[in-house]
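Letters A, B, C and D mark the chains as written, and numbering starts fresh at 1 in each.
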Amino acid sequence: MCYKNAYKIWRDSLKTIVIGVIGADVHAVGNKIIEYTLTKSGYNVVNIGVLSSQEDFINAAIETNADMIMVSSLYGHGEIDCRGMRDKCIESGIEDILLYVGGNIVVGKQDFSEVKERFLEMGFNRIYPPGTSIDQALKDIKQDLGE
Amino acid sequence: MCYKNAYKIWRDSLKTIVIGVIGADVHAVGNKIIEYTLTKSGYNVVNIGVLSSQEDFINAAIETNADMIMVSSLYGHGEIDCRGMRDKCIESGIEDILLYVGGNIVVGKQDFSEVKERFLEMGFNRIYPPGTSIDQALKDIKQDLGE
Amino acid sequence: MKLANKKLTEKEFLEQRQEVLKAWPTGNDEDLDLDKALAFLKSVPEDKNFALVLNKAKENDDTLIQPRGGVPVLKEHIKLLNYLADSGADLLPSTIDSYTRHNRYQEAQKGLEESELKNRALLNGFPAVNHGVKGCKEVFIKVSKPLEARHGTPDARLLSEIIHASGWTSNEGGGISYNIPYAKSVPLEVSIKHWQYVDRLVGYYEERGVKINREPFGPLTGTLVPPSISNAVMIIEALLAAEQGVKNITVGYGMGGNLIQDVAAVHSLYDQTLYYLDKFGYKDMEISTVFHQWMGGFPSDEAEAMALISYSSSVAALSKATKLITKSPHESVGIPTMEANGLGVKASKFIVNMLKDQTISESKDLDLEMNQIKKEVECLIETVLKVGEGDLAIGTVRAFEQGLIDIPFAPSKFNAGKVFPARDNEGRIRILDFGNLAMNDEIKKFHLNKIEERAKTEGREVSFQLTVDDIYSVSKGKLIGRPLRDL
Amino acid sequence: MKLANKKLTEKEFLEQRQEVLKAWPTGNDEDLDLDKALAFLKSVPEDKNFALVLNKAKENDDTLIQPRGGVPVLKEHIKLLNYLADSGADLLPSTIDSYTRHNRYQEAQKGLEESELKNRALLNGFPAVNHGVKGCKEVFIKVSKPLEARHGTPDARLLSEIIHASGWTSNEGGGISYNIPYAKSVPLEVSIKHWQYVDRLVGYYEERGVKINREPFGPLTGTLVPPSISNAVMIIEALLAAEQGVKNITVGYGMGGNLIQDVAAVHSLYDQTLYYLDKFGYKDMEISTVFHQWMGGFPSDEAEAMALISYSSSVAALSKATKLITKSPHESVGIPTMEANGLGVKASKFIVNMLKDQTISESKDLDLEMNQIKKEVECLIETVLKVGEGDLAIGTVRAFEQGLIDIPFAPSKFNAGKVFPARDNEGRIRILDFGNLAMNDEIKKFHLNKIEERAKTEGREVSFQLTVDDIYSVSKGKLIGRPLRDL
């Protein structure tokens, strides 16, 4: 078994997470840190970067046979940008994919339980309030994807 | 008419205000500023200083035939220190003297309308909330003592 | 048209203008007739003219206060601005929403309508293009302070037409500073051209006797940007603007966190902007400086946020910046309420007043830091001119292409993204990985020594982990992201 | 017994002690037996020993955070202290009420009982004597940080006995600093003697291996006190304490408002305290410094108050003081709620952490200001020794009698009250009227020049009006009380 193959096998054994920043949002710092942290934690990270549409996320997930899509939205338009995303996943045949969303997902300081309700209805599996760093979400990811 | 007499006549024409800081209170700065401001505004000021008892105020008022007693209380014990002061005035025969109180007259940030009520009941004529500088009270003084 | 750092002729400008105004129906407004707009701008009273108010402040050594702020619905936006003025703002903003910034007026319209309907903001700013001259003029008329559009728009031509015709006398941005940190796939060449247009518009008014202020966006990504990189960008944008006829420019800087480095950065930014403008023959320029309160991740605790706002204000005042852009205690969470925004203004105003008559004493340390920044800026600017074969605009595009200028953490694919900063032992921002950044060996050695010194203090290797720790540190209440030590 | 700066013999001390303990029934507590108290103090863990925690902070160049705070009811007081610790306080206070400070235990008792009854604080602090060792020990046991009594008591002998026997390992005050600003008619001779006793008590424990910290109260009247005056008082009290066997001393300074003057004051305070202790032969002293956030009138707006708190913290951190005493956003109104007090702590802690690795660069300006303060302090101390014919205690009494030392705005009739300060053009506190203050002509000329310069800038005469304007100015958001200027 040559070195390249061993690498591939190891690589394939990793769970794959698509990350990116949705909509017209350009906040790039958190995105880079998320890539760094998830990779260090042993995930196969597919980073589609900022200014990504729902389609960009879904296409990447299909192409890489991903286990989870992790949407970042920092700039406040998350509510508009995320609507209908689960439906698009269903249409695309990845109805069961895990959908996470976090960052500063709505405009302003809103009652988070209400915000969560809105995003649960949209079909997101986990929704994080402002100030939740990626490190704090690692536990959930492990749980949802299995050790 | 010699110079000294003229001075005395002028002096006697001024309204007299007894000022001081009541109780175990040593806040001296406001007291000095009040003396300076009232004097500049044309009043005859009798300053009994800090750490003054109700008796000190009343005795000074009687001695100088004062028109007003202006009690400062900064340190928070004003409520305890001022109780019964009007009664003592009545006992001493200066029942009609104007009683002002100001500074930071109770402990902590309290609803001022309640505080005012308490001091009105004690027989004070005017009660000032924290942050009212002596300049802001000049209008009331003028009104109560006549121009 | 080929890119070049050359003033657009009036003909070129007017031709392009016809296209620009077609981008959205509000471009059709008759008040966008240049003569009408000029007449309206001439009627703007002195105390509502951004440029004049800045000039006066500079003369008096004042540091003026300007918050950020913008909400979608017109009435609410006016209410917000008046509240901010009452809280002590000397200059007013209108922060533009992100759809508008990307010229997605359709989506902005949707967000605006939904916000009006639901009585809750769904946009992160004021969609000025959708409101058109009509709405923007109403804002101008109903507030009592000078107005500026603050955004992050690679192509702000229509936006700029609309706001200036509405009496707004300042516009933030630039071909680099409103592209590289704010876009992913807009070529630099394109954004520079678009900002030449925006500057030319200001030049057009300027030639006809109306002063309008322009403000390149200093903080860039707001994240550990070494002062020499942002200062170099500021100077390039000032030169590009001056070529188009802009006269009143405010160059900007986002707080790094170390007092001496920050003061040194503001001082040298001012000195070198003057120097280069003069060197390239731009006369009668009016230059002022703007200091941005901490632009990176904020602490979520509101008392801590207020402390950070106040500390930022102290540094601004001590640096004698002409203007200070404030943050709010809600920063880490979301667009602030009117009240929270006002708290930031009040605290900031208090501090600049308290420190009005104070400066940082001259010292060897300050001098050295200023010299360091100046040397680095010189390296960058000289390189840009060299690769541009004398043309600043072309040089800029090429320098970015080759990573000779490189802005840390920028989303743009036209930025190399190979530079990584980290703090030194005093919390000054240094460069850990230079990528291809056009700096000489002496400079590189200086930076690496400083960072090694720090790593050594912390008993660890120099690595990207330093950068990551430093990105988080301020929001966690430390300037330097040191590993936790035993107490 | 005649006043002299001489260590009380153990016999003298123990004799006096018998009287002291009789002043109030709680003096009867068997835990006040010195051997028992000593045993208890020896059981205090290191991280709850004030002196040791300070020593460690000094070593690490940390600035520790300590709020003020005290409420009458025991349970509430403990709750308050734990809340403050959770907010980030490194060291805990117990601010004592004003009746106790004047030894009016009867009234304190009334206030305490009424507070318990009405569920509302009627006293402005914690009546430690009335609570006795029993209550004070409960406080000590139920909190996790070192404890200090903070008060303003000319005769704090019984209070000190009670708190130390309860495991509180620091005590604020001194024969001058807790008399002149805090009393009207207590002769200085008397308060110095009483504080010799307090210091001797600490010396007693110190000789037996228990470290206790003592902290002269630096801010004095908190109102425009020129640094040299407060520094001189600090040094005198440090020397008096050292003579009685105190080893661990924290000298204090209240912020004046000008960054450079404040940093200069803290640095020279430390230097000169060391110098004089050494000069008079006190060895093995452990000296630290404490910086008090702005001690004069506060702005009533809470955002402004938070800004002032944060600015004060920046200065403290840059001065590298070992400890910082914080204020709250309620300062101008009244004793703060627990929550408001916590906000002050959080903001302050954030700032000292942010500025941990920064200092003010050495500069000519800083040097000159330090030299100025040192020269003035020297004048004062030399004069005290001279009029005391070599005895510091006697000299102090005589110097105050003759106004050679004179504290602005103090209520005491044993203070001349002829010195009036005012700010110069940079906001540094200078002396407008020297009264009889023991300073030489060169110094006087320096101050008057500075003040004339300012008056000239403002187009007015040098007069007491400057002082009055400066007293109000910070609460109105300006450092210097300049007449309003047209904008």
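Throughout what follows, contacts are C-beta pairs under 8 Å (C-beta built on N, C-alpha and C of every residue); 3 or more make two chains touch, one makes a residue touch a chain.
Predicted model only: the values in this text are computed from it and were never measured.
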| query | Fewest touch steps from chain B to chain C? | reply | 2
| Taking each chain's centre as the mean of its Cα atoms, which chain lies farthest from chain B? | A
| task | Please compute the C-alpha centroid of chain A, do the same for chain B, then give the distance between them in whole Å. | result | 69
| field | Rounded Å distance, chain C centre to chain D centre (Cα mean) | value | 45
| Any idea how many Å lie between the Cα centroids of chain A and chain D? | 55
| Distance from the mean Cα position of chain D to that of chain B, given in whole angstrom | 30
| said: Going by the contact rule already set, what residues in chain B reach two or more other chains? | reply: none
| task | Could you list the positions in chain C whose residues touch two or more of the other chains? | result | none
| request: Name the shape of the chain contact graph, picking from line, ring, star, complete and other. | output: line
| field | Chain-to-chain touches, reported pairwise for every pair that qualifies | value | A-C, B-D, C-D
| field | Of chain D, residues touching chain B in the complex | value | 97-99, 101-102, 104, 107, 110-111, 114, 120-124, 152, 181-185, 221, 223, 296-297, 300, 330, 332-337, 340, 409-411, 464, 468, 471-472
| field | In the complex, chain C residues that touch chain D | value | 257-260, 299, 301, 303-304, 306-311, 313-314, 318, 342-344, 346-351, 353-358, 361-366, 425-427, 474, 477-480
| Touching residues (chain side chain B, partner chain D) in the complex | 23-29, 32-33, 36, 49-51, 75-77, 79-80, 104, 106-110, 130-131, 133
